[in-house]
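Each of the two complexes below includes chain A, the first together with chain B, the second together with chain C.
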Partner chain A sequence: MTAPAASSAIAAQLIALFAVLMLVLQLLLVGQRMLLTSIRLFALQSLFLAGIAAVIAFFHGAFHVFVVAVLTVAGKVLFLPWLLDRQVRRMRIGQEIEPLLNFPTSMVVCAALTLFGYILARPFTALERLGNNTLAVAMALVLTGIFLMFNRRKAITQVLAWLTVENGVMLAAVALTTYGMPLVVELGIFFDVIVAVMVLGILVYRIRDTFASMDTSKLRQLKG
Partner chain B sequence: MTLAPLILIPVAAGLACLVLRSHRLMAAVGVAAFAATLALGIRLLPDVIARGVVTEYDEFLSADALSTWMVLLVSLVSLGASLSAGGYFRRELAAGTLTAGRVREYYVLTPIFAAGMFFVVLVNSLGLMWFAVEATALSSVLLVALYNRPTSLEAAWKYIILGSLGLALALLGTVFVYAAAVGPHASEQLPSFNWSRLLEMAPHLDHRLMQLAFVLALVGYGTKAGLAPMHTWLPDAHSEAPSPTSAMLSGISLKIALYALLRFHILATACLGPAFSCNLLLALGLFSMFLAPPFILVQRNLKRMLAYSSLEHVGLICAGIGLNTPLTIFGALLHMGYHAAAKPVLFIAAGNIHQAFHTHEFRLIGRGLVKTLPVTAGLLALAAAAAVGLPPFGLFYSELTVIAGGIEAHRPVLSLLVLAALVASFCGLLQQFTRILLGEPTRGRLPARDTRPFDGMPAMALLLVVLVVFSVWLPAPLLTLLHQAAAIVGGKP
Partner chain C sequence: MIALALQTLLLLGLSPLVTGAIRLGKARLQNRRGPPLWQPYADLAKFLRKDMVVSEHASWIFSVAPYIVFVTALLAGLMVPMVSVAAPLSLFGGALALVGLLALGRFFLALGGLDPASAFGGMGSSREMTIAAIAEPAMMLAIFTVALAAGSTDLTRIVQTTLEPAWGLANPMHVLAFAALFIVLLAETGRIPIDNPATHLELTMIHEAMLLEYSGRQLALMEWGASIKQLVLMTLLVNIFFPAGIATEITPTALGAGLLAYAAKLLLLSTAIVLVETTNAKLRLFRVPDLLSIAFAVALLALFSTFLFP
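And now, the complex of A and B:
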């Protein structure tokens, strides 16, 4: 490690702070009732992910991580939220989110999942090199994200939940390897996520057209 | 230079279909592209046998025996599907169920879907392999939704949401493998993420990370491969897609996801020893095999029943690999090939039946297909006989190989379980097929219009001829290739 000890301690603290803020935003997302606010919360969460990458790039002088940070800002903080926002407004989707489980129950489930994330990450704390418990936060993001996918009826909120799972996976990559994955792989993942949201957007549009609703619990015809 | 064109030719074909005007020309472009990739695959075969591994661009692309086998299967199934697509969509357009724009969508996305599959099997980096698997999911989901019916949108939504969730977990597994490769001392010099390089260092990788990575890959890629209990999207997507797409989804796409899982399995075996990943594969494989027969028996819809039969076959392939003897792995790989040739024929025939009766419901199709649609019914019967595993066809031989290999490895109980599941699905499929094929056609349920008897004939004939020829005669190079591939999966001696 080329950076002096003092600055790398600051880096570790910043990363831990950003990671915890990502988790806080995830929990706010679970409790959020308004669709447009949820999109902003996701954008903010992605901003902190980009922040972590930027901190690593700055303190360790790794250029390719800086590219990842810029891509995250461009894609997940600006473009995707803009795309989702526009779709919500154009299609005049109702603002209420209508979760399947009510708010207190969801919070209890998410607390349990966060705890489970910590337990899952415990054997690997020896391998972590960035701050404390970054991996545990990442696992918690993945688990609560999956819960969020099943706890939402509206198609767009499921897409949003999937994106938070993706954020968790990227955080895990940073937590375990410091520099993330090779740039070409990161580019591939970035491209896939963008295209995935666009494809999902097309489907949401068509579902809305056909069912006059975005409620995926109405997609119940195929059985057995 | 054979690897790069395998990926670029289908991409070029897909892009060409964006600008072409006539549907006939688009269909011809698709057929030509896959004929070319098949030829390239055959040309690749002796090179791979002689040298073991063929690489290009500084090992960015690499083909060993296992990937070459998959290249041949992707080419064959895609060629069959595109041969049938021209006539199928012409008739759909005439019937007014699809618009010209949607048909163009099919011709553009199908080669890109196939290119994604070629990329999965040829790329060396595990991270880019994930990228390619996700790309196949994204390019095929709009094909599933092609008809824009409420049911097909539902199927597409389930497919993409479950698929993406599964693939997010597979990505996490991929991250863990990479973390294991980076090791406890991160430096800015990133280690290579190439599979071949990972295999060399596998024995020294962190065991707990590799265990978690394999479990995540199993759940993730297993979802895409349609393994039970993550298979719930499979019957919906396979039954709602247009027939040529169903043929590709069932015939090859499932096996491509399985291939990705196999690459993790080989790494996990090299790191943890065979027991861990083999037992997991065996458990999920057997579970899929036992889950399928009851669903086959209660199905009222032809294409859904065919999808559940695919579940059975994927289960058998997994079980064969999980038993982990040279013979069972050889049988499982062989089974991939025979299933890839047989299942598309069934889906293309189902497409013909749908165009004649406007339904896939057994009740509405009624009895006596041999009288009402003699040619389609004849080919359907042949492919059905192959799919249930009746003797002159190869699937009988490959199933027998898996069971015999299991008994030889002193695991008679597991072999008997495999046999029991196969017999159960055999009975189920036979009962269902005889219901629609034989008997007297009910009056008033005759086809809504006269169909030309040779619809989809070239594609079905090609696949059936390949199936029959290779069932009785496996040429020496192909046999060597399969043995080499089995050695790769089973760990080098």
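And now, the complex of A and C:
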């Protein structure tokens, strides 16, 4: 690392700030009732992820991380939210999300999960070899994202929750290894996500066609 | 002693102005002409001149409550650094005493609403306490976060610590605590997603419901106390998280610059409040805990994060 100490301190501060903002957005997502607003919150969260990638690329001179940042902006900030948005409008589904657990309880559960994530990451962050402490945040994003997935009934909100889990994994990959994963791996994951969301979109559409609802709790019988 | 007198004057004089500025900004943003900036002063002057009508069923608590609400807000304000780093008053526990004083004021506000046994007053008090039960822990957690970093609950000390250059702008815990405290500010001052300060619609009001039975001088004290409390909370938010520009020594130029910076910061925060009030709809009462639980969770995370990002 040739970057002087002062600029790497700034980089660490920016990364920590963006990571925490991602976490705040995740919590807002847990407490959000409106579907379209949720999609926008996800887009904003992805924008901060791209910001972290850009900061790392800029301060460590790693060019391929820039590619990741640009791809994140193009895919997760612009394309996927647009796709989900269009789908929500096309299906004219109810705007309101009905979670299984009520909102205050979900918030408490998510706070507990975040704490759990922090504790899990503690042995690694205590080593201080990791440049920054974003592993804990990434862990928290994954855990709360999984909780969000089964706390939602509608298939499309579950897709959204899954995307936030993916954001958490991406954060760990980008921020922790300092230079990110090899570009090939990242490209692979990235296109996986895009394709998966498109497939899931079609699946959601089919579910709604067949059951006249997107409530996944209605999918309990096998067709014989 | 002079500092004490000056800050008291500033609190008394500035608080109606802030209320008026927020009201005017809101009106302008909604394409209304709105009341003039000094309308709250005129209101207070008018209330102070008018006679009081006190219900014959009301006890002494009803008459005492406005004074307690007013004095606790003022005392709390004296403990917060406004223009200069050194707050004129430092009671036991600093931030703890501040939260306690505000809680005492709220307790008597709720009692004042209950005492004359009007249906609306009781409703308002019950709602106020429901909201306070969640907003207050969130506020305490947020303040503890900054107190932990400063190693003291004394507000002067906290502001001094955040002033140090090593902290920078981008402190994750501060971002979290600020977000939580901002939601608490909206709740405590009865702003739009939680309460509507501009309405007397019986089904939705919270703060106004408790003041319905008050008139004359007592109403003036209640309104003034609410304005001061709003200013105190805004000052807390502005000076704890963005202490830049605050006067560190007591010289006329430093104080002048501090006053200017303070006014600019208050203006920014007021603009933020106006934007939130204009772009949001009021929440249904039973959804208010949802919003406040977000504040609580975020404040809790802020506290956890203190141990994570040393």
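Things worth noting here:
What we mean here is this: the second predicted complex is superposed on the first by the 213 of 224 C-alpha atoms of A that agree within 3 Å, B and C clash if a C-alpha of one lies under 4 Å from a C-alpha of the other, contacts with A are read in each partner's own complex, and residues count from 1 in each chain.
The rule is simple: contacts are C-beta pairs under 8 Å (C-beta built on N, C-alpha and C of every residue); 3 or more make two chains touch, one makes a residue touch a chain.
Note that the coordinates shown come from a computational prediction; the quantities given were computed from them, not determined experimentally.
Chain B and chain C, once both complexes are superposed via chain A, fit side by side.
Touch criterion not met for A:87: it reaches neither chain B nor chain C.
Shared-chain residue A:110: touches chain C; no touch with chain B. By the touch criterion stated above, A:189 is placed in contact with chain B alone, chain C being left untouched.
Angle at chain A (Cα centre) between the Cα centres of chain B and chain C in the superposed arrangement: 150°, in steps of 10.
With both structures placed on the common chain, the touch criterion links A:144 to neither chain B nor chain C. Counting the residues of chain A touched by each of chain B and chain C gives the higher count for B. By the touch criterion defined above, A:23 lies against chain C but remains apart from chain B after alignment on the C-alpha atoms of chain A.
In the superposition on chain A, contact of A:123 is made with chain B only, not with chain C.
For the overlaid pair of complexes, the smallest distance between C-alpha atoms of chain B and those of chain C rounds to 19 Å. Across the complex, chain C meets chain A through its residues 168, 170-173, 175-176, 179, 287, 289-291, 293-294, 296-298, 300-301, 304-305, 307-309. Chain A makes touch with chain B in their complex at residues 60-62, 123-124, 126-127, 129, 142, 146, 149, 155, 158, 162, 165-166, 169, 172-173, 176-179, 181-182, 184-185, 188-189, 191-192, 195-196, 199-200, 202-203, 206-207, 210-211, 216, 219-222, 224.
Every residue of chain B that touches chain A in the complex is listed here, in rising order: 125, 127-128, 130-131, 134-135, 138, 141-142, 145, 148-151, 153-158, 160-161, 164-165, 168-169, 171-172, 175-176, 178-179, 182, 184, 186, 188, 190, 193, 206, 208-209, 235-236, 239-240, 295, 298-299, 304. Residues of chain A that touch chain C in their complex: 13-14, 16-17, 19-21, 23-24, 27-28, 31, 33, 102-104, 107-108, 110-111, 114-115, 118, 125, 133, 136.
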